[in-house]
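Letters A, B and C mark the chains as written, and numbering starts fresh at 1 in each.
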Amino acid sequence: MNYTWNWGIFLEPSPEGVGTYFDMLLVGLKWTIATGACAWVWALVCGSLIGVIRTLPNRWTVGFGNAYVELFRNIPLLVQLFLWYFVLPELVPASIGLWLKQLPNASFFTAVVGIGFFMSARVAEQVRAGIIALPRGQSMAGLALGLTTAQTYRYVLLPMAFRIILPPLTSEFLNTIKNTSVALTIGLIELTARARAIQEFSFQVFEAFTAATLIYLMLNLLITAAMRWLERWVKIPGYGQGK
Amino acid sequence: MFSDFDFNVIWRALPYMLQEGLVFTLTLTALATAGGIVLGTLLALMRLSSLPFLPQIAAGYVNTMRSLPLVLVIFWFYFLVPYIGQWVLQSDRPIAVGAFASSLITFTLFEAAYFSEIMRAGIQSISRGQLMAGYALGLNYRQVMGSVILPQAFRNMAPVLLTQTIVLFQDTSLVYVLSIPDFLGAASKVAQRDGRLVEMYLFAAAGYFLISFTASTLVKRLQRRIAIIR
Amino acid sequence: MSAMITLNNVSKFYGPTFQVLKDCSLTVAKGEVVVVCGPSGSGKSTLIKCVNALEPFESGDITVNGISLKAPGTDLPKLRARVGMVFQHFELFPHLKITENLCLAQQKVLGRSRDEAMTKGEMLLERVGLSQHAHKFPGQLSGGQQQRVAIARALAMDPIAMLFDEPTSALDPEMINEVLDVMVELAREGMTMMVVTHEMGFARKVAHRVVFMDRGEVVEDAETTSFFTEAKSERAQLFLSKILSH
């Protein structure tokens, strides 16, 4: 291979004028984490809500929840981001559209909302599955004690359902982080975009991608470890020890 | 606003969108699925084997791929494949690889990691008694796997494999970052040429939705049928 | 005696054709213990779940303490809070400690203070002989212990009546008596009870009346002694001969 390796590239000053190429990557990482975390909160809130209403004994809420999930699951994330970023401002009244276009950090907000909605459909699927996995007697027992439906969900069903779905939620969280890289197409300068930029400025493509790869791997390990800890922390003695 | 929504834009772009864009997307999906399942099954067998090092190698590959964003992997292979080609063909300069070949290699290698996890679960869902019964009949490892374990695993996992194929179909839209005219790329080209982003992106979204939704509805039906047979 | 629970011609269907309950009528008076028995699939479990509206039913009506379940404006959570229910599979909340299982509804439904609820809970736990397990989780208790906690949980709401849905049929044989003992004591104190069970010894000992169900119908409704000695219907005789032959 006639490729000239230069690992020292990361210590060289970046063309941005401040800091080194390595600092460039770190700034990208910060945006990756910020976007991923915000989108995840959005996805958890919307997804839980939709997941719950899909388990209610009400045709309309179930129908709405199903439609929501199908809509956000069956369009690629990249296309959804384009819809939010390019199409939405044209469809709303002109003054709002203008405001949207001129919003500072528009690509960040679009990414949070777009990835948030996209992931919320998956979260909703998990939440629904978690609730359905509980024995039917649990909700009956809650109602039999005189709890309202809302109270039964709040105190009986959801605490168990979320514990059951914690492992799949962990991988959905990791997916959210990974999906932030799709937002480079609408101008979010996150980690992958930074690696790409280093390649364009310095032509040291493999060093840049190797560094980004290692950072993603470490981020994954860190989050996985944190979630394992959380799983142990909320684990209920005597429940599900057969596994 | 919707008032100046121009269906003619879509109508004029339709032949290009379907013949170029959709054909690229569907071909890439089909070939990458086939390659991904073959490679993924091999990875799963490696991971479950009792030979030294094989499980670790397979696990390392699968876990690394699954930790990385697809966009980064697309960039990786886009730049790496020419060098690999050079190394394989012993030529003196990097080999120019076409957009389609580059995407196909990327998606096959990337999705193999996900398919391998599905196949591993499928193989593990078959009771050990099956394996023993196979060996007791005098079959060897290849035969037991090929005619006893894998057919059952494929059958059990068929809906999950198909669902992953739908994910792969949607993922192919990311070749956009290489400016390749797949379904989305074609829409984007027309959108920018004619300045009709609203029409073209909404049309692309509708196209993806129609195909994914139909496919996932069929998968659900298949799932129910399998559930009844069991 | 005035009626606590009255069922009037209750019918329930699964789908358009399959009728699980056919015109079931029965009354449980205040302070009375009624055992409902019958072969599996006879609808007795469904019937008792109808009594606090955990299962909907298509026609007929049920009144509990004078309040109709079908009347518009009936506050079902409030009504259920006043009727205790014990399930076949205990249904303790696995993520809550025993004390929390006992306190949850007291605080959330009855609005009792934490201290009141705890005092009440501890008293009832003492009563079912499980004080030393207060801070464990349900999964750490045996089936019999879990069911006794479930009874205590229902009693903590100061119910006006108790419903038992096959409370011992998910238990290992050696644990059945510890649960039945608690129920016998409860009956002797004058609690109004409707009990779906196969435990004929329990029925003999404390039931005032026995209701026999088969294929969704109330076939026989008799005083305990006469039910065991001179069951009128053939189906009840057959059932008794099967269940009492050992």
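Quick note on the criterion: a contact is a pair of C-beta atoms (placed from the backbone, for glycine too) under 8 Å apart; a residue touches a chain by one contact, two chains touch by 3 or more.
Because the structure is predicted, anything quoted here is derived from the model rather than measured.
Chain pair with the most C-beta contact pairs: A-B.
Summarising the inter-chain layout, the chain whose CA centre lies farthest from the centre of subunit A is C.
Taking the mean of all protein C-alpha atoms as the reference point, the chain centroid lying nearest to it belongs to A.
Taking the mean of the C-alpha atoms as each chain's centre, subunit B and subunit C sit 55 Å apart. Subunit C has its Cα centroid 46 Å from the Cα centroid of subunit A.
Spacing of subunit A relative to subunit B, judged by their CA centroids, is 21 angstrom. If you check the complex, the residues on subunit C that touch subunit A are 49, 52, 54, 76-85, 87-89, 91-96, 104-105, 108-110, 136-141, 153-154, 157. Taken together, the subunit B residues at the contact with subunit A in this complex read 1-2, 64, 67-72, 75-76, 79-80, 83, 86-87, 92-93, 170-171, 173-174, 176-177, 184, 188, 197-198, 201-202, 204-205, 208-209, 212-213, 216. Residues 1-3, 70-71, 73-80, 82-83, 86-87, 90-91, 93-94, 174, 178-182, 184-185, 192, 195-196, 199, 205-206, 209, 212-213, 216-217, 220 of subunit A are the ones touching subunit B in the complex. Against subunit C, in their complex, subunit A makes its touches with residues 135, 137-138, 140-148, 151, 155-156, 159-160, 163, 236-241.
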